[in-house]
């Protein structure tokens, strides 16, 4: 890590109200280029709202989000989003799903084909390219989603509890796969989870949010060597530190 | 063991149907409990059916002529109704201003059954093809709009988000996400309105026509020919079922993965 | 609740707009015979509410129509729920009933009218019958689907809690099918109303459908339009009443969410 | 023996072929013991629980509860499910009193009883709420109260917290310890979460993946409430993890 880190995403005084309900209260933070940032917080603290504000799906009530110093714009910035719910389009095959983002960005046909092949290879779904999601297991579906997100070579990748519904064994595998892809592509990742262990396992920094109205409670660096051992003393201590920060009971 | 069980229930079904026909035969042909004008015997229905294939008595057309006349009217109204209903339903669901203006009018108009328009359409368009097609149009239009509207409205917001973040415009999201994901609803709409079309057709033909299956059973009723009435009803049922089957065949070809 | 206010606002705006367009269209020379002045239609409705059209005033006609719907519909609802449940919950019931159900379902209710007249004559009974048959199959379809789609695990849970086999139907199956049965009852009511209009238009001496058909016979466009509006308003009222009832009875099931 | 699982085998047969999910599963449970069945993957554990519940039929072997053979579902065993399975048309009270009600117990008695269990799981004040209005954790509390209220001899818990988020899950684990200290019951608890297993169990039975057999047993005698980060806890976690194939 001897290169000088640039700021990639800059959130300034984000505030969001639904009617009179204050959901986000004056949130400010930076994300570095190529960083893996995990965001944890108590259940129902508006993490998804937070992420949706980042991408301007919900307009923020106050504040700015800058990417490379300019206001964020999905039509200009190359962003990908992976959600907790299955977000594969059920009417498209695996291959068509992976093409989806590239087609919207109106990439050239040869580039699309090249990327699709590359992604199918990486997530190991080559034989299943013509299957529809309802013919696949949940793990293959999530891998399709990951492939779709990485296919555009995003400068910023947002993940909202992507593995929340998976069983534990699969989660472990896909987390490792994600780390591999992240290292390979050098993309900036913002990863939301309510699973503290997952956050500490993946992140370079963990940002802890408070309960509604959501504010930033603390940002912890998380620089254990990889691959990380979830049963090691240091890991468990760090995990407990984060857990204590979000305990509300 | 399991196979044996299924057979058992098949047998019960078959026996019930046989008993039904037998009872029907007994009360009509053997004991004559009902006058012929009310309930014909099953065999007379069968022979009337065979005869009607070639005979033009009493309504001036063979069965095939009536089927053909009905099909032309029903399909004309159906195609126009779907053709107008699809874009209206889609734009109502996707564009808020359209929703604001059109929805209340639509909500009111949809509570009026297509049949009630018959007097107006006959004044406007006479009693030819266009009036009947217009009546069918009303039912088909309503059925299509309602289903397409709710289909588009129920587009999973998660899918919309994905497209939005990839930078898709509103029209592009409609084209790439909302419409494909609403396809099952759209087909439900097409199926429901096919039923509506068939219903509207019979109603229109009962009230004002010189050909067609509805006209045929109406004339048969006037002559007290209950056997022909039942032949007509069965034909109507079979044609309706066949049209639905054809549509379902198309649906299986088009809608995949959902 | 501002959402609801907005909706009402737009409803008023768009319906007034429709009336204005209608008014100006009716003033055009070429539309004279086709489109009456909405003011005349309104006047006709007000007058009809007080003095009779034919044998009854408007309220009388509506009551006649509603009574026909009520008899046919109630019978159909009771039979539909009983027969539909029997068809869905017992294998033998399915084997016996389903063939008839499959045979009758594709025949539109209106196609029964001639046979009904042959069977029951042209009095009330034939109208009850037509409304009954048109509504019955719709309600049966929904009851059948609703009962069949009961969550098997929920049945397991009830058994584990000590519910006996003969308790399962009324304690688990039927309540869990209520939302779908209700949507069947709702669609069925709409169909009953439409079938009633058709039946009255073909043969009757009173009722909302009769108003229209009399208007046609006496070439009175104002009366036809008034009749249509009347049918729409009563239909709207019935639908709203059912929605209200559903919200009361199915509070546990937040639909459309 | 209180609950005896006697050499159970289970094979599902379908057109695709035979799928053996349980193989020679054999163990005993003492009265009021809290036993956790821990194992990776989806295979076998829930099927075993369903066989004990009487909801599924074993291919061979027997289950005895107090020396009586189990053949069908009954109120002497209660299940708490992962997907909770509340009756959505009944209120919290209606759900909790469902068991006693279907056994024809008088209203005043069963409602008093139900109220006690509703209080025990901490849902006082929500008696009249319908399940749609409750959060995942609250629903699972209702599920637990409902199971207790039918006064079973054995509680079968099938990954009850699998669908909850991590914080709620920790909280519910604490609750289960509190509740089962208050209401002694024999519990058979299935999970694929190693921490949860060690936190709750008197004894852990580790099962292999398809076909599931018993791999090893651990008696956990750490004092309660247990600390996830204590030396002992971590050592146990390490040890059990090391014999299971899927850990990282």
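To keep things simple, chains are lettered A, B, C and D as they appear, and every chain counts its residues starting from 1.
Going forward, contacts are C-beta pairs under 8 Å (C-beta built on N, C-alpha and C of every residue); 3 or more make two chains touch, one makes a residue touch a chain.
Quick caveat: nothing in here was measured; it's all calculated off a predicted structure.
Enquirer: How many angstrom lie between the centres of chain C and chain D, each centre taken as the mean Cα position?
Expert: 49
Enquirer: Could you put a whole-Å number on the gap between the CA centroids of chain A and chain C?
Expert: 50
Enquirer: Counting only Cα atoms for the centres, state how far chain A is from chain D in Å.
Expert: 34
Enquirer: Going by the touch rule set out above, which residues of chain C reach two or more other chains?
Expert: Not one residue of chain C touches more than one other chain, so the list is empty.
Enquirer: Specify the contact topology among the chains shown, as one of line, ring, star, complete or other.
Expert: Shape of the chain contacts: a ring, since each chain touches exactly two and the loop closes.
Enquirer: Name the touching chain pairs, please: which are they?
Expert: Listed by label, chains in contact pair as A-B, A-D, B-C, C-D.
Enquirer: Where on chain B does chain C make contact in their complex?
Expert: Going through chain B, the ones touching chain C are 9-10, 12-13, 16-17, 20, 37-39, 100-105, 107-109, 111-120, 122-124, 195, 198-199, 202-203, 206-207, 214, 217-218, 220-221, 224, 226, 229-230, 232-234, 236-238, 240-241, 244.
Enquirer: Chain A touches which residues of chain D in the complex?
Expert: Touching chain A: residues 40-42, 135, 162-163, 165-168, 170-171, 192-193, 228-229, 234, 237-238, 241, 246-248 of chain D.
Enquirer: Sort out for me which residues of chain A touch chain D in the complex.
Expert: Within the complex, chain A touches chain D at residues 42-44, 164-165, 167-169, 172, 176, 194-197, 227, 230-231, 233, 236-237, 240, 243, 246-249.
Enquirer: Within their complex, state which residues of chain C touch chain B.
Expert: 10-11, 13-15, 17-18, 33-34, 91-92, 94-96, 98-100, 103-104, 106-115, 117-119, 190, 193-194, 197-198, 201-202, 209, 212-213, 215-216, 221, 224-225, 227-228, 231-233, 235-236, 239
Enquirer: If we count contacts the way the header does, which residues on chain B are in touch with chain A in the complex?
Expert: 156, 158-159, 161-169, 172, 176-177, 180-181, 183, 255-258
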